[in-house]
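First comes the structure, then the notes that go with it.
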Amino acid sequence: MTVHAIHIFDRKGKTLFTKRYTTTKQQLMQDAEQVSEQRKLIFGMLFSLRELVGSLTPEGGSPALQSVKTGAGTLHCYETISGLRIALYTNNNPVMNTLPGARAAGGESTSITSFQTALKYIYSEIWVECVVRSPLYRPEDIQVDPLEGRDNNAGRFDIKSTNFEVKLDAYLSSMPWFR
Amino acid sequence: MASSKAQAGQTLWAKMPKANAELFALTYGSLVTELVRDYEDPIEVNAQLERIGHSIGVRCVDELLSKADSSNLGSAVTQCGNLRDTAEVVSKVGFRMFLGIQAEVGGYSQDQRSFSIYLQENPLSTFVELPTIGDEQSSSSPSGGLDDLRKLKYSNLYCGVIRGALEMVNLKVECTIVRDTLKGDELNEIRVELKEVLSDGAGDDYKEE
Amino acid sequence: MGFLHLFIVNKSGGLILHRSLGPTAPKIGTNEWLRIGSTFHSLHAIAAEASPVKLPGNKNSGEWAHTNIARVTSTTFVRTCVLSFLSTILFLLPPWHFGFVSTIAGADDGIEQIEGGGVILRCLQTRTGIKFVLTAEPGTSGLDAVLREIYVLYSDCALKDPFYELEMPIRCELFTNAVDNLIDQAMSGGVMPR
């Protein structure tokens, strides 16, 4: 069970944070432009999937997108009301959390909800704590890629200036399903 | 690996609904004779049989895949890594499942792009004898039409079926009957040659003019 | 605990069947169904492309292939009418490398399952490029078995109808009745594999 990557997007599709945890030969061959194109692809996919799920959900269900499973891996998503989307790519074999009372039949849903819980935690405890509460935070002007906005770096808020990545890594490594 | 495909074929054959072999052979026979009467030219009849086979093949492939999948026969049947695997699935699983006959495969070419399927028995031609040359009593067409019936490929349906089935999984092949027991050979041989591997994409409707 | 909808998408992304399977299923108009069908078809392929890891058999795992896809898609995303553009992207997928890969549609890299707050969607892609998609309420089990049985029913009822043209909308009562029976059976006892 591995976590491959995590991406955080804002409401407009801009990538706020992205990190790869496993690198394969394919990825080493990708240059930065391809990587940023891939991220836009992911955002667009999340956007369209949310609409799709919304139209297929019956009355009374919440139209949120929780996870998308493909042959190669699973994408877990969490979207906040402010439009922030957190996407976590893992592979397809989640380790069953040893929560008391987790029955085998309900095992799959508990591991999905545990991903949702984890993503919620990442949002509330880590993102809000480290990034939003940082005195330098400017929601419209987040510096993401070193490539973007070379001409006007000065007023931009850099996520690297916060503890976010460190705390995120620490949190994810503490999860039983992260390796 | 080969034996598991043979077993898969056997299992699937057991689950298929069966039909009377005589009825099957006679129905096909009357179809062929009717075509011969309509078109008169055996080459044209061969082409029609191939087309009929094609539209059967495009449907059979889904049946084979869905029933193999549903019987949990594993990916040995539904996933083929190369042309050899495909050839084995067509002959050992496909022919067995739909016709109940044992088919052998071999004759792989050097570049692994063509192979042959050998059929010892052919349920379509159970009662068939092609008229021999010089049989003038039943000759009705003045242009010596009976000689031409030697050019008729009675089992050309198989060629169409294989072509149609493989086309649905993106393999464009050409099939021909090389040896035919009706013409005196000791077994039936169908030669299958891979022309190209097709790609997914827009159909003809979407191509720009 | 119930099934909601079944829809079937053909090789080129057109919808050939949509059917409501239970009383709780939301009412969706025909036009919207067509839109859902083609959106799903495109997203199925894009999910394979967007994943950071790909299965070895994926036809797009070549470097040059990736560049082509990305260049086309980057300019068209983040538009509200992104949905109609998605299908055009597929037409520019590069030709399949020669050499056999394990399946035609990219080694099963596409979407298998989507879980949302109120719905589970499961997809079965066949080797012939047809996608069978089933939606159900969360907590419904046996979706996989039901999907495979539906594939068998499709090959038995729809394909064997001599007047049915491949890739066209399915209008076979035999098939729809069989699907309804299958769903009733699934709801009451569970579907046994043949």
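Just so it is clear, A, B and C label the chains in written order, and each chain counts residues from 1 on its own.
Definition applied: a contact is a pair of C-beta atoms (placed from the backbone, for glycine too) under 8 Å apart; a residue touches a chain by one contact, two chains touch by 3 or more.
Keep in mind the model is a prediction, meaning the values are calculated, not measured.
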(message) So with touch defined the way it is at the top, what topology do the chains form here? Options are line, ring, star, complete, other.
(response) line
(request) Tell me which chain's centre, taken as the mean of its C-alpha atoms, is farthest from subunit A. (result) B
(message) Mean of the CA atoms for each chain, then the mean for all of them together: which chain is nearest?
(response) C
(request) Compute the distance, rounded to whole Å, between the mean C-alpha positions of subunit A and subunit B. (result) 52
(request) Would you mind pulling out the distance in Å between where the CA atoms of subunit B average out and where those of subunit C do? (result) 30
(message) Rounded to a whole Å, what is the gap between the Cα centroids of subunit A and subunit C?
(response) 25
(request) Indicate the residues of subunit C shared as contacts by at least two other chains. (result) none
(request) Write out the stretch or stretches of subunit C touching subunit A in their complex. (result) 4-5, 24-26, 28, 32, 36, 39-40, 42-43, 46-55, 58, 61, 63, 66-67, 69-71, 73-74, 77-78, 82-83, 86, 107-119, 121, 135, 137-139
(message) Show me the residue ranges of subunit B that touch subunit C in the complex, using the header's touch definition.
(response) 15, 58-59, 61-63, 65-67, 69-72, 78-83, 86, 168-170, 197-203, 205-206
(request) Enumerate the contact residues on subunit A facing subunit C in the complex. (result) 4-5, 12-13, 20, 22, 24, 26-27, 29-30, 33-34, 36-38, 40-45, 47-49, 51-73, 75, 89, 91, 109, 112
(request) Give every residue of subunit C touching subunit B within the complex, in rising order. (result) 11-12, 90-91, 93-96, 98, 100, 102-105, 126-130, 148-149, 151-152, 154-156, 159-160, 166, 193-194
